[in-house]
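Next come two complexes built around chain A: one with chain B, the other with chain C.
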Partner chain A sequence: MIDLVGYGAFFLTTALIFSLVTLGLNLQWGLTGLFNVGLAGFVAIGAYTSALLTTPDDPARLGGFGLPILIGWLGAMFAGGVAAALTGIATLRLRSDYLAITTFGVAVVVQLVALNAQKLTGGPFGIGFIPRPFGDLAETPLLFNLSNLAIVSAVTLAAYLALEHLTRSPWGRVLKALREDERAAISLGKSARFYRVQAFAVGGAIMALAGALQAHFTGFIAPDNYLSILTFQVWVMLIVGGSGSNAGAVAGSVLVWAIWAGSGALTSVLFTPEQQARAASLQIVAIGVMLCVILLVRPKGMFGERPRRARFGKRTKATASESGS
Partner chain B sequence: MSLQFIIDGLLTGSMIGLGAIGVTLTYSILRFSNFAHGDFMAWGTYATLAVVGTISAMFGKVAPITPFSFGWPLIVALVVGVGLTALLALLLDKVLFSRLRKQEQAIIVVMGSFGASMALRSLLEFIFTSRPTYFSRAIQIAMPVGFGIRITPDQIALLLLTAVLVLGVHLLTTRTQTGRSMQAMSQNPALARIAGIDVASVVRVTWVIGAALACVAGVMIGVLVQIRPLMGFDMLLPMFAAAILGGIGSIPGAVLGGLIIGLAEAGAVQLIGAEWRAAVSFIILMAVLIVRPIGLFGVRER
Partner chain C sequence: MGDTVKRHGAETREPVLAAKDVVRRFGGLVAVNNVSFDVRPGEILGLIGPNGAGKTTMFDLLAGSILPSSGEIYLGGVPVSGEAAHRRIGRGLGRTFQIPRPLPNLTLIENVMLAAQGQTGEGLLANFLTPWRVAAEEKAAAKKAAELLELVSLTRLAHEPARVLSGGQRKLLELARVMMADPVIILLDEPAAGVNATLLEVIIERIRDINESGITFLLIEHNIDMVTRLCHRVLVMANGELLCEGTADEVARDPRVIEAYLGGAA
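This part shows the complex of A and B:
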């Protein structure tokens, strides 16, 4: 029973960290319509920044500055935000596909740096000894898991409330206006590129924060944690939950992570150890097919808003009044 | 620095360029960047490998054609593989892309291609495992051609094949009615439809050309390097960079872009080290997007 509670807390902690990434993606894609297929790169930037700032000094690589965890998290958000802003500034004046391709490239380069810049990132072996917020409680796993869950929930809740507030604020309304009808919004004097860069940067900062949380929760990071499969998982979470809705982003993350962890447990029971790597790839196939099916059948997900229908309605009303006059 | 990097660069560039033709055609005619294009490459290569296996099961071991490392089975298998890859692309279009296109939000199609790419790649890992394989394990002796450059017979054959294919596709798109229809579609789809162009057939031809060239590029990688499920995915960034560098929609541009990136990669491998190879296409991509987003031969979009 105690084990079950402990596992439940562990599961929820991971799911909520995913929710945080999904919330960041929802700001970029759901609210602003910016397509980020390299989000694993931004998550990695956050994890590595925080790890560098907070780990004890290590002669084998740069730093280990031994700073407090909170500083690490703020540093992670800053680094992620700057990286996203630079990506946005370079590509947001161009077609939306170019942003997609560039973010894809960012993820490739971050992966390359994580693997090869040993002085900075520890190379393929990653960085260990990342301080945990409740490290002294590690003796009693249940208490440790619960306190981790508490802190991750608090951060996720804070991000959720802040994003809900932002969505309703004038700033959020400008983003929606730009997504729905760029020309109309520009004619009202809003700089499309400036607002989009802001949204992209804030989204990147949230993803980086999630990466930092994850790093301090597991205490160890390596380049393998940030492969394109991570990007893919988060996209499925957002699409299942319904893009445009923060509540959907969180619900989708928990649901998809439950399916993922459940099917993972199932394959480990059903298949022999030699066959497990193959079974794991089948798991990805299933999720990939699921993404395509949702896009085809129910593109708005569980909680998604439907923006284009409203626009269509407005247009028909406008033509009706025109013909009437 | 040894001049060998020119041959290496031209070969890598040919592979990138052949793939980039497909990327640029899909982008200009179907109007989305296809993240599953790299996986057409991998699927084509594994299909060819499977056909080679079937042939050698039926006819026993076939001696390679001297001086090459491969015999007629690979040539036959390549033709079959090209057909199978084209079928895969057409099937995927029917099941997924054509339906997503109807939603009229280009980025949804991109997302669908991203999901399809993940599924296709993992399916390959499931069927063939992620262990690398080879068409032939024979070692070829490279012939010196002067200036410190060496080249194997396989490499010469594949460079010639690339040149013939590029010329063929160029003639097809500039000198035939089909090619003119494709150009019309890329310039103004609505007008093309009104002018009576068979849109469905243009879409089919686009997929077939893209998939066929992807398969050839994949087999080239298989002959010269190795065959892995991730081989196509790793080519994705260089292919996109080449297509954008050359200018979206331009076939000579895609090939030239591929050669430039291939040469730059080979040069970087000599100067900096092989581990940073993948960063080269990113740097070129960013430079193009900042300095000249329409690329070398691109036309400004209206």
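This part shows the complex of A and C:
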């Protein structure tokens, strides 16, 4: 029973870290319409920044600087925000598929730097000994996992509430306007460039914070953690939860991670150890099938931004068309 | 509103908007060729011409959606040719589109509130640092937006998403939206296009009411009846050039205008 609770806490912690990444993506895509398929790069920037700032000094690479974990998280947000803002500035003129290709390129560059800049990132060996919150409790996994769950929950809740507040604010209204019709928004005095860069930066900072949380939770990072499969997972989480909804971003993350983790456990039971490497591909198949089902059954996802209900139902529409041209 | 008119020179009778030798080329095509005109404070100026005359390009140049190849545009006496479109509305220039562009998933009131200028809450950090100020401005903006929706007879749909509107109602919504920005001059691109006769009367009345409150209009329109009823002066464009100007009756009798519309058949 205790093991189950411990695993539940571990599972939820990971799912909530994914939720943070998905919340960042929801701000960029769900609210502003920015097609970012390079989010793994911003998560990686956050993880490496925080790791470099907080790990003990290592003669084999730059740093670490042994700073407190909180400084690492703030540094991660700053680095992720700046990197995302620069990406936003560089891609100001790009839309949809072109923006997607460019952001994908950014993620590939970040991953390759992580892999090859050994003096900075530890190269393929990654960075270990990253300080973990409540690391003293690591001997008792239950307490350690519950403590980390509390921290990650608090951070996710704070991000969720802040994003909800922004979504309902005049700032959020401008982002929605840009998503719906950029030219109309510009004609009303809104600078598309200014707001696009802001949405990129804030979303990137949140993704980077998630990367830092993950790094400090596991205590080790390597370039393979930030492959494009991460981007795929987070996009599925947002689509399943419902693009445009912060609650959907969190719910979608938990559900998709449950299926991902569950299908992983199932393959380990059903297949022999020799077959398990190949059977792991079934996880991606499971997620793909779920995505298809969701898109067929609920095209806007579980909590997707619904069309507002007409207050007067059919009568309103009828009146609207009667009096119109 | 009176203050803004004064701010832009109505007291001195300085043109609200002026184009001086404006040229716009698209590759080898000269869409607007050396066009100059003034829009006087408080007037309704019509811009007419056959299809392909360059009217909408001229509108886009005035609104800042595209920049001129040469020439200068003045807004309240200030040269603005190199200024981005979103900055010109802050100087008092509002525009509507030939095909209305409501934000379909935002309610009508949200559509209108979006056009409020200088809102503290449109700054990211202000929403956390000065939430009381943001809330007060939002309340004031919502009140003003509700009044504007009443002006264009859309009050009962205020909390519906804009996608439920008919074509004519979308034009009225655009008018309310642009009014929210306290414009000095409004550019209207074919306000009568695709609108039924009943709603057209409402649109004409509203334009007249708004004009009487001191706001200047420049409108592109193919509906000559509307132009005749509303416009104090009319400019005629053809082949990217300004052909002539005068009252609606004067230009209607001008042989160059007749030739431009009928292609020399008259």
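Everything that follows uses one rule, which is that the second predicted complex is superposed on the first by the 294 of 325 C-alpha atoms of A that agree within 3 Å, B and C clash if a C-alpha of one lies under 4 Å from a C-alpha of the other, contacts with A are read in each partner's own complex, and residues count from 1 in each chain.
Definition applied: contacts are C-beta pairs under 8 Å (C-beta built on N, C-alpha and C of every residue); 3 or more make two chains touch, one makes a residue touch a chain.
Every value quoted in this text rests on a predicted model; they were computed, and no experiment measured them.
K.L.:
In the superposed arrangement, which partner chain does A:G288 touch: chain B (first), chain C (second), both, or neither?
P.N.:
first
K.L.:
Is A:P273 in contact with chain B, with chain C, with both, or with neither (first, second, both, neither)?
P.N.:
A:P273 contacts neither chain B nor chain C.
K.L.:
Determine, under the contact definition given at the top, whether A:T91 touches first (chain B), second (chain C), both, or neither.
P.N.:
first
K.L.:
Check whether A:P59 is in contact with chain B, with chain C, with both or with neither, and answer first, second, both or neither.
P.N.:
neither
K.L.:
Check whether A:F232 is in contact with chain B, with chain C, with both or with neither, and answer first, second, both or neither.
P.N.:
Touch status of A:F232: first partner only.
K.L.:
Tell me which partner A:P299 touches in the superposition: chain B (first), chain C (second), both or neither.
P.N.:
Only chain B; A:P299 stays clear of chain C.
K.L.:
Touching chain B and also chain C: which chain A residues?
P.N.:
308
K.L.:
Show which residues of chain A lie in contact with chain B when the two form their complex.
P.N.:
That would be residues 33, 35, 37, 90-91, 94-98, 100-102, 104-106, 108-109, 112, 115-116, 228-229, 232, 235-236, 239, 277-278, 281-285, 287-289, 291-292, 295-296, 299, 308 of chain A.
K.L.:
Enumerate the contact residues on chain C facing chain A in the complex.
P.N.:
63, 65, 84-87, 89-90, 94-95, 97, 101-107, 110, 113-117, 119-124, 127-128, 134, 137-138, 156-157, 159-161, 163-169, 177-178, 181, 194-196, 198-199
K.L.:
Under the touch definition given earlier, write down the residues of chain A that touch chain C in their complex.
P.N.:
162, 165-166, 169-171, 173-174, 176-177, 180-181, 183-192, 198, 202, 305, 307-308, 310-311, 316-317, 319-321, 323-325
K.L.:
Please name which positions on chain B make contact with chain A in the complex.
P.N.:
27, 32-33, 35, 96, 99-100, 103, 105-108, 110-112, 114-120, 122-123, 125-126, 129-130, 233, 236-237, 240-241, 244, 275-276, 278-279, 281-282, 285-286, 289-290, 293, 301
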